[in-house]
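Chain nomenclature is as follows: A, B and C, assigned in order of appearance, with residue numbering initiated at 1 for each chain independently.
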Amino acid sequence: MIVEMKTLFVAFFFILSGVVNAATGEYPLADVDIGQDEESLKRGAMIYYNLCRMCHNMKYIRYQHLAEIGFDEKEINDLRGDKLASTKFMSTASDENITELYGMVPPDLSVMAKARKKGPQYIYTLLTSYYEKSENIYDNRFFPNIKMPDIFGYSVTMNDAEKLAIENQAKDVTAYLLWASDPRAQERKTLGVYVIGYLFVLSLMFYFVMKRVWSRLDTH
Amino acid sequence: MKKMIGWIDRRFPLTSFVKHELTEYPTPRNLSYWWNFGSLAGVVLVIQIITGIFLAMHYKADAAMAFDSVEHIMRDVNYGWLIRYMHSTGATAFFAVIFIHMARTLYYGSYRAPRELMWWTGQVLLLLLMATAFMGYLLPWGQMSYWGAQVITNLFGTVPFLGDELVVWLRGDFVVGDATLTRFFALHYLVPFIIVGAVLVHLVALHSVKSSNPSGINLADKDNIPFHPYFTVKDLFGLCVFLAIYSYFVFYNPNLFIEADNYIPADPMKTPLHIVPEWYFLPFYAILRAVPDLLGGVIAMGISVMIFAAMPYLDRSKIPGGARYRPFYRVMFYVFVIDIIILGYVGAKPPEGALVPLGQVATLLYFGLFALLPFGSKLEEKWLRKRGLPEEVEAMIQSEEKQKEDRRQRKADRRNARR
Amino acid sequence: MAEDKKSPENPDRRDFLTTATGVMAGAGVTAACWPFVSSMNPSSDVLSKATTEASLKGIRAGEVKTVEWQGKPVFILHREEKQIASMEGDGEGKDPQKDSSRVKNPDWLVVVGICTHLGCVPSRKKDGWFCPCHGSVYDNSGRILKGPAPTNLVVPEYEFVGSDKIIIGKKQA
């Protein structure tokens, strides 16, 4: 009886999840893997710094943080010039100018990769979904009526090579944004190996001590 | 060392207390792993308090600084990311452990006499935990924090006559704002220590009536074994397994339980598309939305949390224990669990289409099961008696009847003696 | 620990396992304390303020610029020839110290602008500094000449970066 109930239980659960997944019908997220290798992060950082930073702040990232993704001291000094290393990455445009142009202040990108479901895929898909709706009018298939311009020029690419180049740039800047949203991710995963490994071993040890302790019950 | 303890023992019942309540404390030998979850809950409480205090050293409970201070903890504070993720995962772990703990109690009938007070102190603990979690969720001051608090504090407006003033009084402002944040922080820090006190009362009650066991039948004294070392080591083993699972989430999927919208700083001008509470509130949220009338929904939600308290009286069966010897009750239990999962799913989605009637049916089923129990339990008892009960169960019922008879006799004797 | 009978087959092995488990568990608990203790140390944004950059551009000879370092005022004096010359030797106050040991480049004096008596910020005078609180007088090497202050003005750790910038303070790991 109990076995049957439990089976019913589990079966029900599976069916339910199947129903759930079939229901939603939105624009599909690109099935892209965003790595975190240093080269990609450096390129992505420079794309943000030169391109995105025209409109978007990243107030939780400072020049000094670039050292964490492979920039050496000279490169950081060159970038910041007279500004202190502790200066935050704020956009080069003023709030009023930007709001006049686009009707809103563009969101800060520091935690954007965590602020959307499947953040990295979201960002990448958004950047590579621009298309030319009509003569000189662009729009975004993933985010219709988006206010952000087609900064990479994806909608006006002439051939596959150009498309690929932009897709790689999008991957790089997404990788950088992913790092920026969670700069301690690498450290976290490494520490996790040791902690879980330790707990696994300790569980095993406690298991055998427990068996030994409980075996005394039957000898009475 | 022994001399120091001896010195203390002459002035304070240290050794005798430890012996009586821990080392030699009699525990049924057949307790299964489902009995680990009480001590696990205690451990999670300690984890939350410690991580919480260290977070409070860096957190700023000010609407203009709260979100930034959390990012400061995540990025600048040494191991801040670890302490923060432990605390957020710990909240989920707390509810997971407590729900399993409650399920064990319901399944095995551990809420029944003489353990009603344990069940009710547990009910109080659940309410305190829900309040703490609700207030804690406001603190990161993300979009979901803000709007979740806005929606739930709004519910107090349904109280007749006082409603609107009550809401403003709770918030300290006309909308959720800086005043709300500061007081929620103060209370979020305080209530866990009230929980500690309530846990102590819960444990005193436990040590008075002692643990039930999977058979639901009072075991003979010879079937008890000392808590130490048998259950200390079993609890420690269970704890290690729990910590391994907990650590998986902390280190490899910490954002699974953090709504993406909560990484957007709170914006009182813009409501998110879907306001979703944390998973552990979802079933009750679904019940709230299932009733078309606002006040009705609030009342239904309140009852859905409080109704557990009535269990010792709703269950009228004389068959001792829980589901083990009671097939009808067992079916009801499983149906209840499935129903809660359905309610949770409905609570997570926007209330549209087929989900609306589904939520309403699930809500009716939820309360229906509780309503059915008084009659169902009696019918089941009749049927089981006719079928014939196992010996131990018969013996147990006999002894309970005898005890009641003895008590009645003694009362009558005392009355006669006075005349 | 309850006095348990040692099992007849392997008494030592059981003790070893239990002891080893206890040690493992203890090590884990100890290690688990570290992140919490560490979190109370200065965070990385505070540590980055352990050093401050100061530009020497535009400070004319004879002028003093005051910058903030770790919340404290630091006097940067661009010394003229005659000021440097008059500072040679050990100084005339109660805390003799060679001027050459107080500067890296004799043209520049960098001292923490906090009086070593009771902590007030001295005011600039032509021949040095004068503390208005209790009348301590310092020379153009920051050495105490007269007054209640016991020691010379503190020379912080600093480094020249090129010829027109200094970094005050020691970089933390």
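Please note the rule applied: a contact is a pair of C-beta atoms (placed from the backbone, for glycine too) under 8 Å apart; a residue touches a chain by one contact, two chains touch by 3 or more.
Computed from a prediction, not measured in an experiment: that's the story for all the values here.
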{"item": "Chain contact topology (line, ring, star, complete or other)", "value": "complete"}
{"item": "Chain-chain pair with the highest tally of contacting C-beta pairs", "value": "A-B"}
{"item": "Inter-centroid spacing, chain B versus chain A (mean Cα positions, whole Å)", "value": "35"}
{"item": "Chain centre separation in whole Å, for chain C relative to chain B (CA means)", "value": "52"}
{"item": "Separation of mean Cα positions, chain C and chain A [Å, integer]", "value": "40"}
{"item": "Residue list for chain A, restricted to those that touch at least two other chains", "value": "199, 202, 206, 209"}
{"item": "Interface hub residues of chain B, defined as touching at least two other chains", "value": "75, 82, 229, 236"}
{"item": "Contacts with 2+ other chains: residues of chain C", "value": "4, 25, 45"}
{"item": "Sites on chain C touched by chain A in the complex", "value": "4-5, 7, 14, 17-18, 20-21, 24-25, 28, 45, 48-49, 53, 55"}
{"item": "Chain C-facing residues of chain B, complex", "value": "23, 50, 54, 57-58, 72, 75-80, 82-83, 226, 228-229, 236"}
{"item": "List of chain B residues in touch with chain A within their complex", "value": "29, 68, 71, 74-75, 81-82, 85, 225, 229-230, 233-234, 236-237, 240-241, 243-244, 247-248, 250-252, 254-255, 258, 260-261, 263-264, 327, 330-331, 334, 337-338, 341-342, 345"}
{"item": "Partner chain B, residues of chain A touching it in the complex", "value": "1-2, 5, 8-9, 12-13, 16, 20, 60, 107, 110-111, 114-117, 119, 181-184, 188-189, 191-192, 195-196, 199-200, 202-203, 206-207, 209-210, 213-214, 217"}
{"item": "Contact set on chain A toward chain C in their complex", "value": "64, 82, 84-86, 198-199, 201-202, 205-206, 208-209, 212, 215-216, 219"}
